[in-house]
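The same chain A turns up in both complexes below, where it pairs with chain B and then with chain C.
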Partner chain A sequence: MNSLHFRPPRGDGVAAALFLLPSLIGFSVFYLIPFLLGLYESFTDGSLGGEFVGIGNYADLLHSASFRKAAGNTVIFTAISVPLLIAMSLALAIVLNRPLFLRSWLRTSFILPLVVPVASVVTVWQIFFDWNGTLNAWLHGMGHNRIDWMQSNWSMSIVVVMYIWKNVGYDMILLLAGLQSIPKDYYETASLEGAGRWHRFRHITLVYLTPTLFFVLLISIIHSFKVFRETYLLAGDYPYDRLYMLQHYMNNMFFELDVQKLTAAATLMVACIVVLTSGLLRAERRFRENTE
Partner chain B sequence: MNDRPRLSGLILTLLLVALAAAVLFPIGLTLVSSLMSEAEIGLNYDLIGKMVDTANGGQEAFVNLKLLPDWLTLAQYSQVLILSPKFLSMFWNSAGLVVPIVAGQALVGSMAAYAFAKLRFPGRDKLFFVYLMTMLMPFQVTLVPNYLVLHELGLMNRPSAIILPGIFGAFGVFMMRQFMSHIPYALTEAARIDGAGQLTIFARVILPLAKPGLAALTVLLFVDYWNMIEQPLIFLQDAGKQPLSLYLAQINQSARGVGFAASSLYMAPMVLLFLYAESYFVEGIQHSGIKG
Partner chain C sequence: MNEMKTIGLLLLSLAVIILSLAACNSNNVSGSDQTNGTSNASNGSSGADAGEETPPSGGKKTIVFSAFWPDEQYERAAKAYEAEHPGVTIQFQYGLSRPFGEEGSGEQNDADIEKFTTSTNTAMLSGKGPDLIDLRYLAADDYERHHLLEDLKAKMDGDKTFRNTDYFDNVLSGGLSESGIYRLPLSFSLSGMAGDKAAIAATGVTFDDRTWTWDEFMKTGRELVEARGKYDSAIVSGEGLQVGGSDYFVRSVVADNYSRFVDETNRKASFDSPAFIELLKQIKSMYDDGIVGKQGRGYFANITITSPEDYLITLNTFGKDTAFYVKPHAGEETAGASFQTRDEFGINANSNVKDEAWSFLKFLMDHTTIGLPVNKARFAEAVRALKDKGMFTPPSLGSTPSAPFKVNETQLDKLEGFAESASRKKNESGKILDIVYANSNALFAGQKSAENVADLIQNKAMTVLNE
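Now for the complex of A and B:
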């Protein structure tokens, strides 16, 4: 009769504004305005009133040895830990997607670290990786020399292990959901046509899992920027060189009151994340359009 | 007839069980060690962080990994819970920060999410992208301007410095929007034809249908904010107001003897909440997929 009512609602401007208002006010005050202020600060000098200095702060920042070290370490950490994490979660998801004895118990065990506060298990980590720790005791027992795990380049691998321990459940859940959305008859048809196991994995599993993998990649990179908690608890404000990452750098610039370097570093990091995210989202969309 | 798959399945299960045991080990060791006496912990783990001079005739000494206590005692718990009031007061500090944040973000986030998911207004998708971006930023990025804003509002060193930014966090908006966009338009349209206003539709139609989403959000937020370290580290310098996470970072070094019990009590609410609401938790993570 009255077809007007069945059209999706158009122009709910007033209602939308009312529903958004509380969130928008708080969001602006605590996130958006601070970010814009930081952006502004990053282009001014530290004097009162703040004179505009263009990209001067960025030039200083890029010349600073500790910033370079921190940025380099962050990149190395992400480049190592993220592919490892995704490979492990994918393997777990594939295995746990089959009917398996104890399956739901196993799944629960791999997710549990996600909810356990890092602060509460840090002592166990120390028991293992301390200079006098259990790992060195084992090495000693086998007739090897001790390794100073936390004060050598090994320190990063320990944080990598912590990162994987913490996040493997998250990625596994996402990948399991992705796997379960692949229709079973694709596999059956492929099997009937004589496709081998590897062939099925490459041409069915990986292809239909790709949209999920994009998101898993994105969220894993984002999580990798958040290992500050782990490193801070394990190694304090000034950890071994290899562990000194951008978040440490920003934290320390804050306590040294070097607002210019901090805001410039923050702006660069935001720019990287925005480019990365929109790039991944675009790639995902293109991939989906191509397969459909 | 078909022995090979069964055998490989068995081997796979055994491998997975071993892996799960390794993953659960830090949690288990913390729980078990919480039943040891302070003296026994001192005996086994006193060497953590100490330099033993082995070059000058000192003995090769190591931490002694102890899987089972010599005898069980609740001494650590009574020390932590009854004899030193600090732990409990910080436990309540944590609760006092986390409960308002979770409740607030669920409410404010749901309202904004309704506007993003079900209402039409200009600039909607762009604004949502901005929310999404802030959700992905590491905390350190807006450290300085955040500090300035909180200082300007006179909130520094008060619990509100943590609670207010928490309430307006973007994650609640993001997740509830993902959840609500799966609710069919037909339902909201039917209510509209019956003459319901937007507020009624939100409260009577959308919220009841989004209950699983709300439950998932609650669990995820609880875990996230219970573990927070960065925010109170900088915005709550007054030791009397700090949450448990920071207390544990200190106690792990100074009073290891009661650290295990403190850690166990600290992780207990999260682990119990997770075991109780695992399906919501899993569903919540699956819904955080950016598609949709």
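Now for the complex of A and C:
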């Protein structure tokens, strides 16, 4: 009887689409469409209307020593800070998962950095680490030579510390949730069968926490790309060599009106993030299938 | 029932979307209302008082003229120009939203400048934007690099009615780059030093400021200080009577020696070279030996002359026997006074009325007397007008009324000579100079070695050049 080839979706489908629409519109207008326009720009030359130049802009970009330096610094920063962050937040989560004096206060205090506006904190850090700042005044007072924290290889460690301070609370919360979802019986059974502390951690905690860890890893990597805000506020648009990150490059290109290099750099960065994310997600899926 | 619900939901969300769109829209409308009805809302000039607002109508050509600072001389010239060329209308867009000098206008200016630069950048990059632009505060170099500006050299050469000799040619060609001239000033200012002639004569030290280099200046300064005359230092770091930090002097010296250390075409910097380290040490020793003072007065003070009146006022402020001295220059440069352009006009490469814009720009150059005009006839006129006055009363500062003084004709006669000899465009802005001065403070405070500072500067400069 039904002669219609096309039937409008009914019921939940329409409602879901409608509810998604506003966020979809927002996402498209503010992210997707600009990004696609940028992608297009990255293949054209600077003139108006834009002639197609293929991968010319990408070649230029890779020839730029500053871009390579920025990319290298970003990779180094991520490689150092993310493992440190995860190790620290895991340790904190395990400690705070036990009955502990002032536990809820401690938990709250680790989350505070998330809520505090960066700009206000950066000022304090700046005063602390400046060449003529507090820390150097202490060093000087104790008879040591002062160190130019922001203009030497120390600068990267300061940003790493800042990144960890900012993100440890968030990761800790996620890991705490993961820890609490592990059934207590497993541990009890294991200890009845004589498994030691290390054994329990290695074969129960870590295994059941792995899905959460994947997620935490992903989020931490993405946050590590966003450390630019802190670095920029701390050291300006041309910081010490080691601190010059990808977003510094993009920011400076923006102010030089070099839309081509800017969009090419952004596209490369997005490509890297997508590859990384999909790799991680695939690894996670495989892990889940293996454990099940 | 279910279907009714769905339809209801549909209507509801549609209403929300439309409402939010409408809200955005109405914002836009009120926004463009504030721009005094200029056709280009994206240009967002919250015009203080836009002049002509005639919309482009059949056959009439409209030149959109944009500048940050309003000037009634622009508008007067535009009226005269429109009277001469009935087919052309000139439409004004200004960046300044409130008249200068109003309560709290200082902060407002900064906000306005930011708004002006972003909106003009966007408009220029998207191929719109004004036809004739005052490039002050704008990234003129970047515009030039991205071919957003018309080559004015070709226009100047191709226009038979345009004679370079009518203008201070050095100032005109100050904007010359490898590929042409992209900006022309209407007016300029001279920077040099006010020197206490009598006190210098008393020390018996002689020098020729028309040809001196920084090296000779440093030597002279040492002699002046050693003569133990009226002042303790040869020059005070700062501008005019205002005493600045150590950076002022570094900036001038490094700016003048810029091409020795930065090779823009090959994107190479050589701040780690012994020559630069030597220069840093030399500057530092001038502070240490008190040749460059950090307070009080010296034999010389840095000054900038913005107009013939300003020339007289400045020299008068520093005392009776003050003279204008040419600033030292780097060894391999041509001698002569150094100048800065005030406004610099460029023509949008994407304009539809380039020829008209050029013709109007030429008209502006010939018919405005702002500051030190680039047009020699206007310059001479301004000087003559001052001489005719005989007495001059400077505008009073705050509540203290200023005393009138006699116009010194011999001094005024020299001014044209300085302008004529103006050969070096002083360019003290730029990322690399900012880096140099931000990183050299620790050297002058005696906290870091010159080598250390030079290395830091070299690294950052290379980052800029390699971008």
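In the analysis below, the second predicted complex is superposed on the first by the 271 of 292 C-alpha atoms of A that agree within 3 Å, B and C clash if a C-alpha of one lies under 4 Å from a C-alpha of the other, contacts with A are read in each partner's own complex, and residues count from 1 in each chain.
In the analysis below, contacts are C-beta pairs under 8 Å (C-beta built on N, C-alpha and C of every residue); 3 or more make two chains touch, one makes a residue touch a chain.
As the structure is a prediction and not an experimental result, all values here were calculated from the model.
Applying the stated contact rule after C-alpha superposition, one finds that A:Lys69 touches chain C and leaves chain B untouched. Applying the stated contact rule after C-alpha superposition, one finds that A:Asp241 touches chain C and leaves chain B untouched.
When chain B and chain C are set side by side, the one touching more residues of chain A is B. In the overlay built on the shared chain, the residue A:Asn252 is in contact with chain C alone; chain B does not reach it.
Touch criterion met: A:Pro117 reaches chain B, while chain C stays clear of it. Where the contact sets of chain A with chain B and with chain C meet, they give residues 10-11, 15, 18-19, 22, 131, 259.
Against chain B, the residues of chain A that register as touching in their complex are 5-6, 8-13, 15-20, 22-24, 26-27, 29-38, 41, 95-96, 100-102, 105-106, 108-127, 130-134, 136-137, 140, 165, 168, 170, 173-174, 177, 211-212, 215, 218-219, 222, 225-226, 228-229, 232-233, 246-247, 250-251, 254, 259, 262-263, 266, 269-270, 273-274, 277, 281, 284.
Across the complex, chain C meets chain A through its residues 2, 6, 9-10, 13, 16-17, 121, 125-127, 139, 142-143, 146-147, 350, 431, 435, 439, 442, 447-448, 456, 459-460, 462-464, 466-467. Those residues of chain B lying in contact with chain A across their complex are 9, 12-13, 16-17, 20, 23-27, 29-30, 45, 47-52, 60-65, 108-109, 111-112, 114-115, 118-122, 124, 130-134, 136-149, 153, 164-165, 167-168, 170, 173, 185, 188-189, 192-193, 198, 202, 223, 226-227, 229-230, 234, 244-245, 248-249, 252, 256, 259-260, 263-264, 266-267, 270-271, 273-275, 278, 281-282, 285-286, 288-291. Those residues of chain A that touch chain C in the complex are listed here as 10-11, 14-15, 18-19, 21-22, 25, 46-49, 64-67, 69, 131, 146, 148, 151, 238, 240-241, 244, 249, 252-253, 255-259, 261.
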